[in-house]
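Below, chain A partners chain B and then partners chain C, in two separate complexes.
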Partner chain A sequence: MGAGHAHPLYLDQASLVHRLAPEVKIVATVLFTVVVVVTPREEFAAFAGYAALVAAVAAVARVRPLWLLKRATIELPFVLLAVVLPFAGHGERVTWLGMSLSVDGLYGAWNIFAKGTLGVLASLLLAASTTTRDLIRGLDRLRCPQVITQIATFMLRYLDVLTAEARRMRIARLSRGHDPRFLWQVKAFAVGVGALFLRAFERGERVYLAMVSRGYTGRLPAPDGSTATAGQWAAGAVVPLLAGAIAMAVVLR
Partner chain B sequence: MDAVAMHIANGIVNGPVSAAFAALAAAALTVCVARGRADLDDRLAPLAGLVAAFIFAVQMLNFQVLPGVSGHLLGGTLAAILVGPWVGALCVSTVLIIQCLLFADGGLTALGLNITNMAVVGTAAGYLLVAALLRLLPRKRYALTLTAFVASVVSVVVASQGFVFEYWLGGTTELSLSTIAGSMAGAHVLIGVGEGLITATTVATVAAVRPDLVYALRRLRAPARTAAAAASAQPATSELPAATSATAGAPEPTVDGAA
Partner chain C sequence: MTPSLEVRGLHYRYPDGSVALQGVDLSVARGERVALLGPNGAGKTTLVLHLNGILSGDGEVRVGGLRVDPSDRSGITEIRRRVGIVFQDPDDQLFMPTVAEDVAFGPANLGLRGAELQARVDEALTAVGMQAYRDRTPHHLSFGQRRRVAVATVLAMRPEILVLDEPSSNLDPASRRELSEVLRGLPVTVLMVTHDLPYALELCSRSVVLDQGRIVADGATIELLADSDLLARHRLELPYGFDPKLAAAQLAAGG
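Let's look at the complex of A and B:
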C-alpha cells in the first residue's frame, strides 16, 4: 500500500496546468469536450483548431506527445468501429483505391475518430495533471454529493488494498508449488476471487475503523483549504472559450 | 460489427440524445443519493468502497469475444446484491466517473449514457431479478448463488441493449439496428456468463463467511431466518454452521427479538 498514492496516469511534475485548482480543470475539460461534440462533423478546420488547443495545453503541462499518443490507444475499439463504417454504411458511395466506400460511413468514421480522440486527449491531460486526492477534492468543491465522493475516496484507496491482497495470494499459491501458466492462473484466480474479496474487505474494514477512530466523519480534511481564485477560473476558462470561439467562427462563416 | 468496449466514447451518439440521457442519469442518481444515504452506515461505507474498487478492477478484464469485439464485466448485480440497489448504482456510477476523469475511459459527454446503461439499467435489472428470484426459490444456500448468476447474465444483456436503444435514438451513423442489437446481445450473453461466474463465486463466499455483509440476504431473507431460528425446525439448513465470530453482530439481535 505504501506506493500507490498517485494513479498510473499522473505525471508528477510542476507546471501551470498542474498548479491549477482541480475544480477549474474539471469544468474546463467538460466544457471543452461539450464544444467538441456539438461541432458539426463537416467542419474540418474547427477540429484542427481544437487539436492545436490540446497540443498547446499539453505543451504548457509539459506532457510529451508520445506519452499522450501511447495512452490514447484506449479508444482503439472505437477506432475499429470507425474503420468498419465506410464499408458498412448506406447511401451515396465513392470509389477510392478500388474500394467502394459509403460517404455517410466516411463522415461517421471521421466523426467518431475526431471527437473520440479529442475527448480522450482532453481527459488524459486532466488525469496527467491531477492527483487522485485533488480530483476528489475538486468534485467535492463542485458540490458533488458526499456519498459519491466518499465511495470514490474508498474505492481509490481500496484499489491498492485489493492489488496488494491479490499479490499476496499469488505469492502464497506460488510458494505452494502452483504453476502459473496463463490458463491455470486464470482458474486459480477465478476460484480465489471470493476469498480475495473477503480478505480485502476485512483489511479495508480495519482501515476504515482506524480512520473513524481518528475522527473521520465522511470527508477528508483539506490541508491547505485553498479554493480556486478568480484568476485561476479565468486561466481555466481560456481553453473552453477559445474552443467556443472556433466553433462559433466556423458555424457562422 | 464491433460490439464496443462498453464505455461509449464521445461522438458515437449525438449531442441532444447525450444531453437527454445525462439529465436522466442525473435524476436517477439524485434518487439514489437520497435513498442511499440512509443505507450508508459504518458497515456499508467501507463495503461500498470495496465493491466499487472490485468493480473497477474487474472492469479492466476485457473479454475478447471475437476478433475486434470485446466487452467487459459490469458488476451492477454484484453491487446490488452486496450493498443494495441504491448504493450499488452509486458504486457503479462512481467507477464510471473516475474511469472517465482519471483514465480517459468513456467520453465525458457520454457519461450520462454510460451511467444510464451500466449503473442505472444494469443495477436495476439485476436487483429486480434478485428480489424476484430470492422470493421464488427455496431458502437454500444454492439459491443465492444461482440467483447471482442468472441476474448477472440478464443484467449485462439488458445493459448492452441500453446502448442499442441510445444508438437507435441518436446514433451518428447509419448502421443496421438489428445487426447491432444481435451482435451486442450475442457478445454480452458470453460476457454475462463470465460475469455471472465471478459474481456467483464472490457472493457465495461472502454469504458463507460474512452473511451480515450481504444486503440482499438482510433485506429479502431476514424474516425467514428469524422464523426458522425461532421454530428451529430445520437445524440442518439453518444458515452456515461455520460462520465466523464476525457474524455475531448483525443476525443475533433479530433472533433474540423473535425468541
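Let's look at the complex of A and C:
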C-alpha cells in the first residue's frame, strides 16, 4: 500500500507479520509487554527468552537488527536514568573496577533497561509492520472510543500540513533578515507559534464546515475491510503465549 | 422542469451586525453552468453557505424543488447530498488518510456501504481522472490533483448542483486546463464562484455579478465581460491584454 511513506517507522514490505490484521498485532504487543513487565527482575533466563522471541518476530517480519537498534535509541534518556541508579541506590554494595555500586540499584537499572528495551523493540516491530492508518483502524476495531481514533486520524492528516505551514512561516521570517541566535530574539518565533495556532484553529473550523457540507453528523463512517480471522488471532497469539510460557516456567521452577 | 437552484429574497446579517446579503434572487436551470462573479467581500462565500443550510437567513432557497430548512434534520441531509460544495482550499476538504477514504466519506454519510460505496468512489475518481491515486495520501498529491480529488469527493454524492469556490485559484495553467476539461465533461449543474473572468468565460455561458450582497447583473458572460463600465463599477478586472470578444470567438471556433 502506498500510503505508508509519510511514516518514518514503517517498513513498506511484504511479510507474514505485515499481513496480520492490525488489531491482532496491537493486542499481541500489549500482552507481550505486560508479560515482560510482570516478570521478576532476577529471572535473567526469561529475559533472554523474550529477546529471542523479539528476534524471531523481527526475522519473520524481515526487519534488519541494525534498523531496529538505530530506532531503539529513543529509549536512551530512560537508560541514562538507569545508569544513575547503581551509584545512588541504598543497601548492600559491591565494588567493581574501584566503584562502589549498590546491588539493589544494579537490579533496578537492569530492570529498567531490560523491560524498557523489550517494550520499545516490540512497539518498533508493531510500527515497522503496520501503517499508522492501520493502527488507527485496529484501535477502532478494538472498540477504542471514536473520539480518540478521530483525533488521531486528524492529527495524522494535518500534522504534515501544519509542519509545512510552520516551515513556510520560518522561511518567510528568515527571508526578512530574522536571525535568531540569542534567547532575547525569540519573540518573533513565539509570535509565529501564536499565529500558527490561530491558523490551525481557523483551519479546523473550515475543515468542519467542509465535513458538514458532506453530511457529517458527528460519527465517522466505520472503515470497511475484513476484520481479523480466527486463524490470524491464533497466529498473533503465538508470541504472547510463548512469552507467558517462559514466564510460568521460570517462576514455577 | 424544476430549476436546480432557486434563491428568493435572501437576506443575511452576520452576528456582529454586518450585512452580507441584502435580497439575493437567483435561479439556475438544470444542466446550466453559471459563474458567480464578484469582488472580495461581495458575499459570494456567504451565499454559497446558504445553499446547503450551513448559514440561514431570511428568504428562501430551493434545491431541485426542495426547500432548505436547517431545522429539518433529514431534509438537510438530502440538501447536503444535492448541493456539492468544493471549497477553495483542498486541504480543508481532504482530511482522511487516503484519497479513496476521503471520497467515500460523503456517500458513507448517506448510508452507502460495501460494494455500492466502492462503486461510487470508483465512479467519482474516474470522472476526475484520479483513479490511479486512490490509495495515496492527499498531502502527497500536487495542488491540482488535490483540487480534482476535492471535486470527486462531492461528485461521489451524485449532487444536483456542483458549487465550486474559486476553482482556478493557485492552479498552474496546465492544471487549470485539466480542471476545465473535467468540469466540462460532467453532466451536472455547476455554480462557479470566481473572480477569474477568463475562466468564467471559458466554462460558463451565463454569469451573475454579486456586489454588496445583491445581484447587480445577470446575463451572457460575454456580454458582461464586454461591458467595461459594469466591470469597473464592481471592482472586476480582466487580465492585462485579455480581449473577451476575441477569446469568445476563439472558444466558439475551437469548441
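By our rule, the second predicted complex is superposed on the first by the 215 of 253 C-alpha atoms of A that agree within 3 Å, B and C clash if a C-alpha of one lies under 4 Å from a C-alpha of the other, contacts with A are read in each partner's own complex, and residues count from 1 in each chain.
In this text, a contact is a pair of C-beta atoms (placed from the backbone, for glycine too) under 8 Å apart; a residue touches a chain by one contact, two chains touch by 3 or more.
Note that this is a predicted model, so its numbers are computed, not measured.
Contact with neither chain B nor chain C is seen for A:69 once the two complexes are overlaid on the shared chain.
By the touch criterion stated above, A:248 is placed in contact with neither chain B nor chain C.
Contacts of A:55 after superposition on the shared chain: neither chain B nor chain C is touched. Between chain B and chain C, B contacts the larger number of chain A residues. By the touch criterion stated above, A:114 is placed in contact with chain B alone, chain C being left untouched.
By the touch criterion stated above, A:155 is placed in contact with chain B alone, chain C being left untouched. After overlaying the two complexes on the shared chain, residue contacts for A:215 are found with chain C alone; chain B is out of touch. By the touch criterion stated above, A:26 is placed in contact with chain B alone, chain C being left untouched.
Contact with chain C, but none with chain B, is seen for A:133 once the two complexes are overlaid on the shared chain. Within the superposed three-chain model, A:172 lies out of touch with both chain B and chain C [touch as defined at top].
Shared interface residues of chain A, touching chain B in one complex and chain C in the other, are 132, 153-154, 156-158, 161, 207, 212. Residues of chain B touching chain A in their complex: 1-2, 4-5, 9-12, 15, 18, 29, 33, 36-37, 40, 42, 45-50, 52-54, 56-57, 68, 70, 87, 90-91, 93-95, 97-98, 100-105, 107-109, 172-176, 197-198, 201-206, 209-210, 213, 246. Across the complex, chain A meets chain B through its residues 7, 9, 26, 29-30, 33-34, 36-38, 41, 71-72, 74-75, 77-78, 80-81, 84-85, 88-91, 104-105, 107-109, 111-112, 114-116, 118-120, 122-124, 126-127, 130, 132, 135, 139, 145, 147-148, 150-159, 161-163, 190-191, 193-195, 197-198, 200-202, 204-205, 207-208, 212, 218.
Every residue of chain A that touches chain C in the complex is listed here, in rising order: 1-3, 5-6, 132-133, 136, 153-154, 156-158, 160-161, 203, 206-207, 209-217, 220-221, 223-224.
Here chain C touches chain A in the complex through residues 49, 52, 54, 77, 80-81, 83, 85, 87, 89, 91-98, 101, 104-106, 108-110, 113-114, 117-118, 135-140, 153-154, 157, going by the rule given at the top.
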